[in-house]
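Consider the two complexes below, in which subunit A is the common component and subunit B and subunit C are the respective partners.
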Partner chain A sequence: MTSILHQLGHRYQWSLESIVEQQTGDGVIIGPRYIERTKVQALQANIRQSAFFDPQFFLPQSSQGKLPTYTFFPQVIAGGFSTTEWNDDLQLRCSEACILFQQECDFKYLIIPLRFFEGMPSDFIEKQERHFVNPFLETAMRLHVTKPILLQLIVTDQMIREDQYRTDLLNWITSYPGIQGIYLIYHVHNRRKQIDDIDFIIPLLGFCASLKAAGMKVFVGYCNTEALLLVAAGVDAVTMGAYENLRMFNVTAFSEREDTVIRGPNARVYIPKLLQWVEYPYVGAIRRVVSNIDDYIEDNDHRVAMFSPTYNWHFTKPDPYMHYFVAFSRQLRRLCNLNGDARIDAILAECTQAISEYDRLYQEGIVFDTDSAGTHISRWITALNLWRRNR
Partner chain B sequence: MVAADIDIRDILTRYDSPRRLGGGGQKVVYAVRDQKRGIIVIKVGGYRSPQALERARREFSILSEIDSQYFPKQYGFEVLEQQRYLISEEFIDGSPLHDHFADFCDERLVVGLAVQLVQGLTELWNKRIVHRDIKPANIMITASGPKIIDLGIARLLDATSLTYTMAPIGPCTPAYASPEQLRNNKRDIDHRSDQFSLGIVLVQLLLAGDHPFDPLIVGGESIPNNILCGNWAVTLLDPRVCDRFRIFIHKLLASQPYLRYRISSELEIALLQINEELSQ
Partner chain C sequence: MAKKPLKNQINGFESEEELGRAFKASAAIKRKMLYRDWRSWEARELQGLFGVPDHLLVLWKTCGRGRRLVRIVSFEIKREKWKRALIQAYRYSAFSDYSFVVMDHSYVHRALGAIEEFKRANIGLLSVAKKGRVHWHFIPVLRKPYSESAKHFLRDAIRRHLFGKPTRRKREGPTIKWSVL
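Up next, the complex of A and B:
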């Protein structure tokens, strides 16, 4: 059974409200970048106990956002950070503070974080092992941690694409009997809003399926719509998130940068039938040409708000996201209730139907912009077919 | 320093009737008569650095904690002159498995032996030790069951290698080594490497002593080369065993460690299920 987790970040209350009131998720993944420590500690016990905490150690020197409110980052412990000071003692102190925080909050799993590396460094495994896995496991043993342990694996698309690198990762990850599962995050360079690279999707599905075959739990973070594909590989959980930065991992959110004005994305609405987020002006266009808009955008309180003539579309408004939580979680649950080949058949059927819907809308005169179009779907079908044939 | 370089004449004078049992890696091994314990085994090894000595001492200390019917008891660790150390351990009164191939011609008997060997190896693996040299010669059949001997090249997974070597393959017996050992891919060598060697031993029993990667049976250039290519006697094995045991063996002999059993309890469960299938 695949669970649905909400990736929490800015405006995390939307997710909590959606889970409680509309049962759109089975738990949450909490991160320190956007939620300060005291607020995490103040979350209701039942939320914390079904959650896990991503320490977001991606760039250990980072002090972005709320990160400095946590005592386990090296710059907080050591009053600054340089790689030369990243020694055994500091690593053990960081791991102890991080584990104690996770224990204190009584999260469902203990997460061992890894740091982010660009590209495919040849010493990736050695560095992660020395700086994170070994000190964390040693500390977990010393502190008598009883919660199941997940290893966060943050990889680039290049690492997953390359056969030998991927095999090395699999051999490494599965070598720790004390680690029960993986919290997987992928960083895809130059990505579009939808992951559509067949040469990435196929090995990604294979990677997840290999971990499952090795008896590990697999939780995939920062999922966008491709969560629908990942359930084909039988992963234990996929995620939903409100803003795009919770659905597409990007390390720049954790890097120090100049104060630049960042242009917000256009407001978008997720349409399950199209397997796509479309820009809001298309919503009106679709309403004009289809006989039953309910087939595209489910009728609920959030739609009522969005369809109001006075609605001021903006990417910071909650309604499109709250609507997405409901629509996407239903779509996922339908698939997750199926097993094995029936699940894959259903995903393929949804993809095929989406292509038909796009054709139909095109026949009606609607031409979508590149980011709202369905060009990813035929690639998804291809990737799924090829992975299935060779698995 | 290799075994051949170690002069132990001064040590042997301490004991009565020393008998050389072998030597390999960095150690020489003798059976000797000890006044207090009777016949014991002594292993004399050489070291090049204080760190290497410390590691040898640590490995002895960890092995001493294993109080198991499947391993010889460890008696003592002594540092000697000339950068040598001595380990004394229980003498195993039995004969190696390769003298008993005919006794394990039945699938049930092989499964029974596998259960015991997995139980023994699990005690090592739980301490993050890899034997690295599982082979018929290192499995002694005694009146009280199998004993796994010669942890001379056993390795602690969190320790650096005792010997700096430029050798193309790591310490092992090539005919029973896993692909990662043959490639000397140290990062991938862990408890799952022992699973591969165990797989070879079990199939060899089922084939009445024939090595499953032997070029005479499956073609190819050599046993190590066949191991690297995954070329083994699948067609000979498969008709002789039940489905579950076939799956078990194929998993042990998988080319990559991640395709083998991740945790030892999975091995034990699999063997339990095989026993169930065989008893139906």
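Up next, the complex of A and C:
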């Protein structure tokens, strides 16, 4: 059974409220970038016990957001991270403080963090092992950690595409008897809002399925709508998140930036029938051509607010995200209730239906822009079919 | 490999800016679409809307009992890429009564091959020849903007900017940056 986790970030209360009041998730992934230490510790015990904590060591030299409130963060503990000075003592101190924090909060799993590397470095495994995996495992053993251990695997799309690199990663991950599963995050370069590259999706599904076949748990973080595809591979959990930065991993959110003005994204609404986040003004166009908007935009508690005439759409408003949590979790659960081929068939059926809905809207004269259109869906169907045939 | 058209084979505009300068939106629309007796005002590249129209034309007239009629016409100017222009122009239909794609006449044959797409979407298509002559390929029908919020947002801003009236409601989020032609 695939679970649904909420990826927490800025405005994490929306997720907590949605889980408690509308049962849209089975747990949360907590990230320190947007939530300071004391607030994590103050979360209700039942939330912490069904959560896991992602230490977000992606860029250990960074001190963005609330990261410095965690004394074990490499940049803090070392007074400025550099690989040459990241010696055994610092590694052990860091791992010990990080593990103790995770234990103290009583999270469901213990996470071993990794750092982010661009491209496909040849010493990726060696560096991760030396700087993080070994010290964390050693410390976990010393502290008699009883919680199951997950290894965070932060990869680039190139690493997943390349057969040999992917195989090396699989061999490496499965070589640790003490690690029960992975928490996978993928960084896709030059991506659109939806991941639509067949040459990435197929190996990604294969990678997840191989890990499952090896008896490991697989949790996939920072998922956007492609979570629907990942459930085909039988992963243990996919994620939902409010703002786009929680649904599309981008390492720049963790890097030190000059004081530049960053333009917020346009407000969007998730339309389950189209498998797409559509820019909100298009909803008016859809409403004009379909007889019943309920067929398109699920009528849950949050739709009423969104579609009141005086609603001021803005990407920082909670309602579109709260609506999405309900709509997408229902969609995911419907699929997750099925198994094996029936699940894949159901995903394909949802994709096929979305294509025909887009076609209908096109025939009615609606011209969506690239990030609201359904061009990704036919590629998803192709990827899913090819993966199924060759698995 | 497709050959690049030689400069002397296509006697078109050098740039979109040049095409934009050659296109006189107000004159063309007033003459062709029977808005001769309407007053008009134009803006260029208005920010804060659903897309950034290259030209935005506001037409208005006061009829009986002092009621003001306002029509908003948006234009997306592209020398040759009609598909992108159509997508953009369709976004402008969210807040406009008419929305047009304006192309370089030397390249418009590409769009004419897909004129049905323009008709289906009710997006006007016209082209401008180097000497300034406007060719009308499809004139859209008057249609209410499809987004209530985008429509009210722009109309409130226009009311405030052109007619000095207070806005009907407070709005958060983006504001329009006026840059009058």
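Observations on the structure shown:
Here is the rule we go by: the second predicted complex is superposed on the first by the 391 of 391 C-alpha atoms of A that agree within 3 Å, B and C clash if a C-alpha of one lies under 4 Å from a C-alpha of the other, contacts with A are read in each partner's own complex, and residues count from 1 in each chain.
We adopt the following convention: contacts are C-beta pairs under 8 Å (C-beta built on N, C-alpha and C of every residue); 3 or more make two chains touch, one makes a residue touch a chain.
Not measured: the values here are computed from a predicted model.
Once the complexes are laid over each other on subunit A, subunit B and subunit C both fit without any clash.
Look at A:Leu205: by the touch rule set out above, it reaches neither subunit B nor subunit C. Within the superposed three-chain model, A:Asn134 lies in touch with subunit B and out of touch with subunit C [touch as defined at top]. Here the apex is the CA centre of subunit A, and the angle it makes with the centres of subunit B and subunit C after alignment on chain A is 140°, in steps of 10. Of the two partner chains placed by superposition, only subunit C is touched by A:Glu279; subunit B is not. When both complexes are overlaid on chain A, the residue A:Gly215 reaches subunit B alone and has no touch with subunit C.
By the document's definition of touching, neither partner reaches A:Leu335: not subunit B, not subunit C. The larger set of touched subunit A residues comes from C, when the choice is between subunit B and subunit C. Residue contacts after overlaying the shared chain place A:Thr310 against subunit C, while subunit B stays out of touching range.
Of the two partner chains placed around the shared chain by superposition, subunit B is the only one that A:Thr174 touches, whereas subunit C remains out of contact. Once both complexes are placed on a shared chain A, the shortest Cα to Cα gap between subunit B and subunit C comes to 43 Å. Against subunit B, the residues of subunit A that register as touching in their complex are 125-126, 134, 167-168, 170-175, 177, 210, 213-216. Residues 50, 86-88, 90-91, 93-95, 117, 120-123, 145-150, 169, 171-173 of subunit C are the ones that touch subunit A when the two sit in their complex. Of all residues in subunit B, only 125, 158, 180, 187-188, 190-192, 256-259, 262-264, 266 touch subunit A in the complex they form. Subunit A makes touch with subunit C in their complex at residues 266, 279-285, 287-288, 309-314, 363-370.
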